[in-house]
Amino acid sequence: MLLGRVVGSLVASRKEPLMEGFKFLVLREVGVDGKESAGYVVAVDAVGAGPDEVVLYATGSSARQTVATRDRPCDAVIMAIVDTWEVDGKEIYHK
Amino acid sequence: MLLGRVVGSLVASRKEPLMEGFKFLVLREVGVDGKESAGYVVAVDAVGAGPDEVVLYATGSSARQTVATRDRPCDAVIMAIVDTWEVDGKEIYHK
Amino acid sequence: MLLGRVVGSLVASRKEPLMEGFKFLVLREVGVDGKESAGYVVAVDAVGAGPDEVVLYATGSSARQTVATRDRPCDAVIMAIVDTWEVDGKEIYHK
Amino acid sequence: MLLGRVVGSLVASRKEPLMEGFKFLVLREVGVDGKESAGYVVAVDAVGAGPDEVVLYATGSSARQTVATRDRPCDAVIMAIVDTWEVDGKEIYHK
Amino acid sequence: MLLGRVVGSLVASRKEPLMEGFKFLVLREVGVDGKESAGYVVAVDAVGAGPDEVVLYATGSSARQTVATRDRPCDAVIMAIVDTWEVDGKEIYHK
């Protein structure tokens, strides 16, 4: 899984029927050092993430293993909201 | 999912039988800042996207989860046409 | 799917039994502008592609969705021979 | 599979129900020369890895093939703790 | 599939039970021009590859389609030993 910060949202009214009702969030990629990079992904929200929260997202076929996204054309899903992480004994992020 | 702009189309008359009848569109990758990059992908259109529209596309096995592409050798599918998205409270794109 | 040009072939007599009988072609990656890059992939040919032809290839699990490659340890398959594509109304390639 | 060193851990109390009970470890990518790179991944631990251990991790759908992670939205799993590896006859790492 | 040269091996005594009995080989990536790059992967050997041999390896879910690796948390498998390949009519490699 990779880390991302919720920086925005996206609206798409015309879409594959199996994707109706999902909330699309824009994530900016976050490194393990807590710094944001230029990379981004648009992910379906499976946990109720809010603006600016740092989240874990899964990609590929694993993005279809949440209750909400099973068998849907979704390749990125937010599956956890991060509380904290530490690297080499030092806390990098605390919600 | 990633963002792309429909910049062209592709014709391939000789192809795997399971891919008959699909429309192949050429997408230029679009960043979350709305800028286009050099990257591209050829995707199957599952939603009737038109020229210059910005779309969401799914890759890998998720590209086979639309009604049209199930069990076909397709690894990129347009599954939504984007209306708008915003980043850090600022609208980046509006159709 | 991505674009590649057939630049060569590869022979491997000792292989996983499920891969017997396949033809391996060497593809150089082609950009949407028609230019070749340094990237390459070795793909199974499912459509009878010939030398120098520009093809579409699918990767990952989608490479196992042709009739020939189903349930085989193949992660790249040529599934179409390209006739032509255009970008921004300009024809980039014609076979 | 790729190599990583366990450099930290991550806590996420709000998550997809199927991910309850897993331990998330932060891995820094390790090259075959034993050097660490800037890349990282957050992986589920399936083998009881400890701090600073070098591990093998699998990604994508293969990350759901351990007994623990089957059918869960997990795209990276630690599936082995490395004892040693050698390159060109020279031992690069010994636990 | 991609090309790699067998440059070493790896031992991991503590591992996911489904991975018992496999031989892990270290592959350095080889380009279509025959040159080695800095990239590497640790792959399960399904064909009995030896030191210095150039092999084809499959990644992702396709790495679980050999008889040996089916349903195991393996994301890279050696599925062929390369005899020879040619590019633009010129032999690049001969075993």
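By letter and in written order, the chains are A, B, C, D and E; residue numbering begins at 1 in each of them.
In the analysis below, contacts are C-beta pairs under 8 Å (C-beta built on N, C-alpha and C of every residue); 3 or more make two chains touch, one makes a residue touch a chain.
Worth saying up front: this structure is predicted, and the values here are computed from it rather than measured.
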item: Those chains which touch chain D and also touch chain C; value: E
item: Chains touching both chain B and chain C; value: none
item: Averaged-CA centre spacing for the pair chain B and chain A, given as whole angstrom; value: 20
item: Length of the line joining the C-alpha centres of chain A and chain C, rounded to whole Å; value: 32
item: Junction residues of chain B - those touching two or more other chains; value: 60-61, 63-64
item: Going round from chain A, first to chain D: chain order; value: A, D, E, C, B
item: Chain E - residues contacting chain C, complex; value: 1-3, 31-32, 46-48, 56, 58-67, 69, 77, 79-89, 92
item: Residue ranges of chain D in contact with chain A within the complex; value: 7-19, 24, 26, 28, 38, 40-43, 60-61, 63-64, 71-76
